[in-house]
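Each structure below appears as structure tokens.
There are two complexes below, and they share chain A, which is joined by chain B in the first and by chain C in the second.
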Partner chain A sequence: MSSTHSSRFPWNHLIGFILSIALTLLAVFVKFYTSFSDSIVVWIIGTLAIFQALIQLFMFMHVTEGKEGWINVVNMIYSVFLALVIVFGSIWVLTSGHAAMH
Partner chain B sequence: MSLDEFFVTGDPLILGSQIAIGLTMVGLVALITYLKRWKWLWREWFTTVDHKKIGIMYILAGVLMFFRGGVDGLLMKAQTSRPELGFLDAQHYDEIFTTHGVIMILFMAMPLLIGIMNVVVPLQIGARDVAFPKLNALSFWLFFVGAMLFNISFVIGGSPDAGWTSYFPLAGKEFTPGVGNNYYAIALQIAGIGTLATGINFVVTIIKMRAPGMSWMKMPIFTWTSFVTSILIVAAFPIFTVALAFMSLDRLFGTHFFTVAAGGDPMLWLNLFWLWGHPEVYIVVLPAFGMFSEVIATFSRKNLFGYKSMVYAVAGIAFLSMLVWVHHFYTMGNSAAVNSIFSLTTIMIAIPTGVKIFNWLFTMRKGRIEFSNAMLWSLAFIPCFTIGGVTGVMLAMAAADYQYHNTMFLVAHFHYVLIPGVVFAVFAGLYYWWPKMFGFKLNEKIGKWHFWLFVIGFNMTFMPMFFVGLDGMSRRMYTYSESTGWAPWLGFSAVGSVVMAAGFAALCYNIYWSFRYASRDVGSDPWNGRTLEWATASPAPHYNFAVVPEVDRIDDFWYKKKEGKTGIKKSDLKPVHMPSNSWTPIFLGVAFGIVGFFLVFEWFTLAVISSILIVIGLVANSFDYDDGYHIPVDELEEEEREWRGELK
Partner chain C sequence: MTQANTPLEYRSHQSQMNILGFWIFLGAEIVLFSTLFASYFVLEHNTAGGPAGQDIFILKDVLIETFLLLTSSFTAGLAIHFMRNNAKNDMIVWTIVTLLLGAGFLYMEINEFIHYVHEGATIQTSGFTAAFFTLLGTHGAHVTFGIIWISLLLFQIAKRGITEKTSSKFFIASLYWHFLDVVWIFIFTFVYLKGMVG
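So, the complex of A and B:
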């Protein structure tokens, strides 16, 4: 992976740069030039933000590189998994069964 | 607040404790002053950042807390030994089972395990300290201050009395208006910050500071389990932090996170508590599994059977442990889907645990087993823990759990898991690693008394609880009538608890006896060990390893011994960089304790003023430019020569 860095043109960075600008403009577009309801706009922008974060992590912050770069990836996947379990698990547990019958 | 509200009054037991505590404090201060040991204490212990000394302080605190929690247990057993006894009233009984639970889990099990992790993990991976030594000291002092704050509750202000789980709405201001449950919220918060920092510290230490050549699958199994435990700490403790913060806000500032009246939900507390609480069970039990694995392999003279499957089993348990929390409250009236899913995940967790049991059995198969004390504890652990595990699977079935829920059957179950799983492990670990900490062994003969009294007493105490539980006795009952027919069971159980206490007394006597009389000539490797901690002197020197060892395979030291390659060369010695002592951790600990105390009593002005102390500690810490010091080569050489003989 490191050998591609020194001599060749940094395509990764260029693509990442263009994509991140495109995603930002898309978010602006969705907000100002479409007539979606606010909640849909938030969902779209949220989704775009996740892609934005992934681009930053992989193309600029090089999470997978280095001797034990995979640890970062495992760490992030595990954190996301935990967050999902905690948030959606709690909602599920507290709003089903008798709790749902208010 | 008048003085007789501040001090708990009106109970001869508590008055006796107050006098005893007062006298002990005065006695200790007088003794240290008389022996002129204040400076020594400050220099060698209070400000230390050495992971071994911090570990020893954790262990000491854990043994003290074991005593306190054990006395609580004995008082409960005395109260229920006969029907309709008036030894403790209902309120006092509530307070005692609450403090017993909190102290045993958070201030006994946790510090004993973290203490042994502190001593052993850096040695096992060939490191000279943990990644953040000063943070490690801060962890200890925050834990210690939290524990002390919690412990003074029973003489000052009143103990928490809503159970170790402190369920709302009971734990809310409306039903328990005193300061007792404030102690729970604040003291556990302070100790929890320390534990979280420990988790981070050990994750980084194990990822970054392993000896050259020690890849993941060459790590000793205890290091593996400590690593996974640390990850679970980092994953689970923040949930508890949030839950306790909500609790504090509800109790101190009148918010309504957990009160139905204003749209809050008491079940949210249960949900958050067990989202932390279940992983917590594995946080305490995983390092214990690691200790048994090390001990069983060493005293069977074989390498651990199925090392890789053990690692996967540990990781699998850690993964599943975040997915089972609802099994603690099936009876909240959830949907069938929720209860079924959580039943399934709970039963699944028995699979990797079963794998481990078979790994231990196969490690012993055809081994040359030596029945040392550490090994005895490991042997007793397997059947006792299996009883706890099997009754756990019974409880895991949601439909059946409606019968078992909150009965003594449950109480017996978790004591059968936690005492063999954690306490036996800690005993095994203490006998095993004692020479590495202090340079002498604990006496084997007194240890046998300790072992037999404790194991027999343990089974006598908790086995009857299964039966009274199945017969309908609910937990936390402070008394019962003759007509229930439970009296013989509970009387027998009470006798058992005295036998168990005698076992603990034998341990204390053993420590005392061995300190005075045990042979100091045990060498660096008294058990013929397999891992790196045995490659250095006993007690381990403050720099751990004069030359950082290189590792080629699992149990590398065992093979190097056979090949006669354990020596070091004089030419390899280089100055060793070590961290300096620091006063900020203990200062911050005390500052947190003072602020916490004021918060407990809701004296907010004083709390705000004294929190300046915390700021001072943090600022002082930020401007501390001390980069540590170097131990020169001659000093290393001299220390190594003392136990290795002349260096080549």
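So, the complex of A and C:
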């Protein structure tokens, strides 16, 4: 069980907040102040977004909390898997699949 | 796990099941938003002679929206922290701050949409704008619903105090609010940042 609820000062939340602001600014910096190619920029800022989502999940939403915390983790992993199949599957079928018909 | 250090919202079996059920709902929400993201990624280059993202997006406004929502997620976390310390007044104050930040986000987003319409980008302009407004509009509608939901819960907390029932309801609403921030992070990254010229 997380001990955050009994501590006097919510350090966990403050650190999560500072990290999320820092990651946002870092993404803006990578996009506008570096000279990486477009695809590399998307990979970097995409990775930063995933880190931010994990901060929300673990530091703010306490996904592992509760007696059945592992169920939440499995549920989230399965949902993200479905989301990735939907997004990359749609892009694949509707771009290369469409192009193949010509 | 002893009774003493179990947060109030997890004490009853019903509350535990409600929280678990809400996590499963959030899983379904992830899939819902993934379909909207998929449509957007497929259609984003189909501008049909209308404006593209790089023509209409304004970094400053998008950053303000992002910081409003990130901060509101933080203050929602603080409200839960104070709820668990049984500090009702602090909890109410931070919840009100959360709602104001959420309302500020909505105000910025509505102005942004009005700006786009004036720039000639309505939902009917192109595949890009249709997918864009559907994705952003669905997120904005969730934020609107969240503000109404949490406002109503605030009355319950003020009237009944922090009980097993109200704390469980409020914790679930906070999960929803954090989740909207997660969705926004991906909109910010893959719609706005990706769509602008670096």
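Heads up, the rule we're going with is that the second predicted complex is superposed on the first by the 72 of 102 C-alpha atoms of A that agree within 3 Å, B and C clash if a C-alpha of one lies under 4 Å from a C-alpha of the other, contacts with A are read in each partner's own complex, and residues count from 1 in each chain.
By definition in this document, a residue touches a chain if its C-beta (ideal position, glycine included) is under 8 Å from a C-beta of that chain, and two chains touch if they have at least 3 such contacts.
Note that this is a predicted model, so its numbers are computed, not measured.
A count of residues in chain A touched by chain B and by chain C gives the higher number to C. Using the contact criterion defined above for the overlaid structures, shared-chain residue A:64 touches neither chain B nor chain C, since it reaches no partner. Of the two partner chains, chain C is the only one touched by A:27; chain B is not.
Within the superposed three-chain model, A:82 lies in touch with chain B and with chain C [touch as defined at top].
In the superposition on chain A, contact of A:90 is made with both chain B and chain C. When the two structures are aligned on the shared chain, A:13 is found in touch with chain C, with no touch to chain B.
When the two complexes are overlaid on their common chain A, residue A:38 makes contact with chain C while staying clear of chain B.
The residues of chain A shared by its contacts with chain B and with chain C are 68, 71, 78, 82, 86, 89-90, 94.
Of all residues in chain C, only 1, 5-7, 10, 16, 19-20, 23-24, 26-28, 30-31, 33-35, 37-39, 41-42, 59, 63, 66-67, 70-71, 73-74, 76-78, 81, 84-85, 174-175, 178-179, 181-182, 185-186, 188-190, 193-194, 196, 198 touch chain A in the complex they form.
Listed in rising order, the residues of chain A touching chain C in the complex are 1, 3-6, 10, 13-14, 16-17, 20-21, 24, 27-28, 31-32, 34, 38, 41-42, 45-46, 48-49, 52-53, 56-57, 59-61, 63, 65-68, 71-72, 75-76, 78-80, 82-84, 86-87, 89-91, 94-95.
Put simply, chain B touches chain A in their complex at residues 207, 231, 235, 239, 265, 267-268, 271-272, 275, 322-323, 325-326, 332-335, 337-338.
Only residues 68, 71, 78, 82, 85-86, 89-90, 92-94, 96-100 of chain A touch chain B when the two sit together in their complex.
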